[in-house]
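Chain naming follows the written order as A, B, C and D, and within any one chain the residues start at number 1.
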Amino acid sequence: MPAHSNPSSQTSQKPFSGIIPPMVTPLLDDHTLDKPGLSRLIEHLIRGGVHGIFALGTTGEAPSLSYALRKELVQLTCEQAAGRVPVMVGITDSSPEESVLLAQFAAQVGAAAVVAAPPYYFGMDQSELVTYYQYLADHSPLPLYLYNMPSHTKISIALTTVQRLSKHPNIIGLKDSSGNAVYFNAVLHAMKDAPSFSLLVGPEEMMASSVLMGGDGGVNGGANMFPTLYVDLYTAAANRDHEKVLELQTKVMEISHRIYCAGKTGGGYLQGLKTALAFLGICSGHVASPLGNFSEEEKERIKEHLDYLA
Amino acid sequence: MPAHSNPSSQTSQKPFSGIIPPMVTPLLDDHTLDKPGLSRLIEHLIRGGVHGIFALGTTGEAPSLSYALRKELVQLTCEQAAGRVPVMVGITDSSPEESVLLAQFAAQVGAAAVVAAPPYYFGMDQSELVTYYQYLADHSPLPLYLYNMPSHTKISIALTTVQRLSKHPNIIGLKDSSGNAVYFNAVLHAMKDAPSFSLLVGPEEMMASSVLMGGDGGVNGGANMFPTLYVDLYTAAANRDHEKVLELQTKVMEISHRIYCAGKTGGGYLQGLKTALAFLGICSGHVASPLGNFSEEEKERIKEHLDYLA
Amino acid sequence: MPAHSNPSSQTSQKPFSGIIPPMVTPLLDDHTLDKPGLSRLIEHLIRGGVHGIFALGTTGEAPSLSYALRKELVQLTCEQAAGRVPVMVGITDSSPEESVLLAQFAAQVGAAAVVAAPPYYFGMDQSELVTYYQYLADHSPLPLYLYNMPSHTKISIALTTVQRLSKHPNIIGLKDSSGNAVYFNAVLHAMKDAPSFSLLVGPEEMMASSVLMGGDGGVNGGANMFPTLYVDLYTAAANRDHEKVLELQTKVMEISHRIYCAGKTGGGYLQGLKTALAFLGICSGHVASPLGNFSEEEKERIKEHLDYLA
Amino acid sequence: MPAHSNPSSQTSQKPFSGIIPPMVTPLLDDHTLDKPGLSRLIEHLIRGGVHGIFALGTTGEAPSLSYALRKELVQLTCEQAAGRVPVMVGITDSSPEESVLLAQFAAQVGAAAVVAAPPYYFGMDQSELVTYYQYLADHSPLPLYLYNMPSHTKISIALTTVQRLSKHPNIIGLKDSSGNAVYFNAVLHAMKDAPSFSLLVGPEEMMASSVLMGGDGGVNGGANMFPTLYVDLYTAAANRDHEKVLELQTKVMEISHRIYCAGKTGGGYLQGLKTALAFLGICSGHVASPLGNFSEEEKERIKEHLDYLA
């Protein structure tokens, strides 16, 4: 029975499925990891029942960090996770060679897979994208996840590109952060007969609906704060427990509304998330340059929202 | 019990819910309606169980048509529907006054509501958008639906704008064609306590998932061809019949894949749809300028796909 | 001697060259022309030495106006101009048939040419654009100008499209409002051997430099306020009077900086221009919906800037 | 006398002015410099009279290269230039810390200045951009050039941001590659009273016109092939020798038309440029991943075009 046509009798059995939080990178300042915070965060996630950890994604601010810091983070994360959950490592870079070097490092320290969004400086076409991902997959010692993130990379991984790349033995799934449900449903449909290829969504607001339609889980930022909530929502959706889905979805939407839109101009996902993690006592809330940090007033609003959500 | 928090025990009871096809405009050429085709199409839709008809939307090519032809179409549609299903009329225009004139005409000939996307020439901000919609709502004799269509209008109707406008007594719902599930779920959540405000999605690929999460239905182009399929999918989603949803969703995705992506460059939604309607013997397949028509080769491909789908 | 390779010994002798202001539409409210203001404005322009008048462009807010009002404006403009300068009429519309109807009307009341930007609702490709313009050119009784306005129409008229269309006997020039000097210089170079095809730029900030490189003039909004300044700058550039160019360019840039960027968010071209025209006693300053009008505070700033510029 | 109001009696005397080619990075493959080719290229440029060399720009494919290779290139370039012309080094990166590390390295090996486009992964606002550039300028041992490149970085450096940053003692100029002449003229006007702040344009198609209006020169890719042509065009524009400007501009436009648009889809700037350099015997033509290389057929076309241009 193909996984996508009947995803609901139980949670997915694929290697990467369920809730795999895009872990924030706890920072004391732009150049220094908050190591105790990182340990606490990883324990908090594992205790919360997550199915994996994704380090160095967009939420992990990877592109803003120096390579030395990125490596330090990957090593410490793998050490702390200690095999209890698989660690996926973002290797997105504008330089393919730097991506491969990071993939090699990740393999050495025990990561389970790597994740790459398209190179994000030059405009590319889909055939260049295919060549690029094949190069990465050929040279990465770890299995590779595709990462669709058009708002940041200026290119969407076309459905036909996903189909072609899914045939590479070292490419095992797609994380889609486009927010585009037409695209995601088209990928779901096209990959029906490739049940071992896993399909995750980034935005938590659409995680439940995507799992109801056959998706394999979510890489949801909010799971940094409240891992159990997202694991429960995933499980409810995978088990087609509709009442539960709608009840928990309401909570997820409140988080989205209150924590990610608290900035002056209605945005501030990363700032809101890290500020909340600081108030929750999990780790330092510093956001690395070039992104700015919240003002005291904005932080105060997050605090009020956390009280409301509690 | 608020409608959005428990949408599934039965189909929505709102004035506009269910499947309301964005009816194509059957044309003999750019300037001439295919009147017998229009009659056949409307009978086909009503026989198929649709809950309403939306004339002069994007799928209806309204912006390409002369005003004289738009009026003729509205009149004939209302006459043929003859009160069996409500008729919604698109009044989207860059000129607010022309929109109001068309709304007045629609009221005279018996339409039930009007639908307007933002004016699509000048760039606007959200406060100008609020003023614009309030003007339309104040001057339209028929209730007004908001229509979010950022790919064509260059602006998205912000969540806060929807919230403000939903308080106007003559604004009764939103049709969202952004394809953005984060946006749609945010609107669903925000409008939870306004159960009479109806929320429809345009793209059929996400209709089922949006109804599962509390949406009120779809304005889906494919329902021009196969109205029963879309009505059944809507009903299955509204009744939480999951097996049925996944079974019918597969059919909808095959249509999307085979009919809407048959153009040379992987697109061609409108051309594919109208070509298929011609092959199905429902109405003429001509697409109005400025959009081009399919080549004979592309038409042949549609025919093969229809045979496959049959 | 080809016009573009030596444009500077004298001003261009093409049918449409020099300064052709995109005339604002003086309005008492959204639905009513300010007729005395219109007369004063046209006299002000002709007295200022302009080489033509372009009615119903973007600056003329054409897409926001009803068809009845557009026709009234065209008729009154032609009557007032009375053959002293040629009148060009914007016929941009999402419906080709409405464009042709307006072109026919413009011919009847004595206009000299029509101008059309691409249809601005549906996304098109270049081949659809070619077909579209050929249709307009075939059916317009007046010669047709192409109008490149990608920020508003979502499509740029590609160089190869301009080249193909320039061979149509009824297409006589291009007005480029992209602001893109790479594009404009490429068109200039490509059209070198078509000396009767005229090339005008919209943005006044680049009018002088484009004329220095071989362009034929400008359709500059600021000429509504200060026609002589723009005519003098054009003449200086056409005559390669460099000292004069730099002296007058400074004035034009001050206008651009002070009048067009006085809005809350640093924009407000149309609002600034119309507010200034009202303060100068030329015509009413009302901006039609959907665009908003300046606040009293913003108007006050325009007044101060006008005092500074005087 | 302010430099910008009278730029033309002689070429600019600013530290960075004239023609500073964005040097291609000669590569044997994605990971290996073509060292003899690099030496030949630098000698070719210096012999051609260029006023400086800009290494690791967009044309230098910096974002595609590993850090090790970038450093090797900078060192070899400085050694070969040996103080005969100043070397500017691109330090654009999504990680501020990596940018500073490269700036430090560039200083050690003798570069004269560094150049940075905005970080290109996260979306930023202008206030974050100001903070970012102030950080770079504070920490760079070399003076810093701003680099406006919105097509690749998704953000334009606003005029007000340029004005604020120009007051930092270590920020000495702006390279604008937007192609937007309205923007460039606005910057020229605004920076009139900051005569030591230098303003260069990227696109060679608008270099002459920008210098005629007061700009300080160009960072033009074509100067890799034909340095003397671009130096002569700059000099003619700076000296207001109009006949010469139009004569040489024609040649530059032919290069742009024939070499940069030879790809299948009308693009291929970098591929065309590097292919031409290979045919000219200057250096290897390999383009680094993720961008693709020209097909044999496309290369052949470049060869024909070079023959035509010769």
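Here is the rule we go by: contacts are C-beta pairs under 8 Å (C-beta built on N, C-alpha and C of every residue); 3 or more make two chains touch, one makes a residue touch a chain.
Keep in mind that what you see is a predicted model, and the values were worked out from it rather than measured.
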Type of chain A:chain D copy interface by residue overlap (half), same or different: same
Rigid-body rotation angle, chain D and chain C, from Cα fit (steps of 5°): 180
Counterpart interface for B-C, drawn from A-B, C-D or A-D and sharing over half of its contact pairs: A-D
Mean-CA-position distance for chain B and chain A (Å): 34
Geometric centre distance via CA averages, chain C-chain A, whole Å: 49
Distance between chain centroids, defined by C-alpha means - chain A, chain D (Å): 36
Residues of chain A whose C-beta touches two or more other chains: none
Interchain pairs in contact, sorted by label: A-B, A-D, B-C, C-D
Chain B residues touching chain A - in the complex, by the definition given at the top: 5-6, 8, 158, 160, 179-186, 188-190, 192, 203, 205-206, 208-210, 212-214, 240, 242, 246, 249-250, 253-254, 256-257, 266
Chain A contact footprint on chain D (complex, rising order): 30-31, 58, 63-67, 69, 94-98, 101, 118-125, 127-129, 131-132, 135, 151-154, 265, 289-292
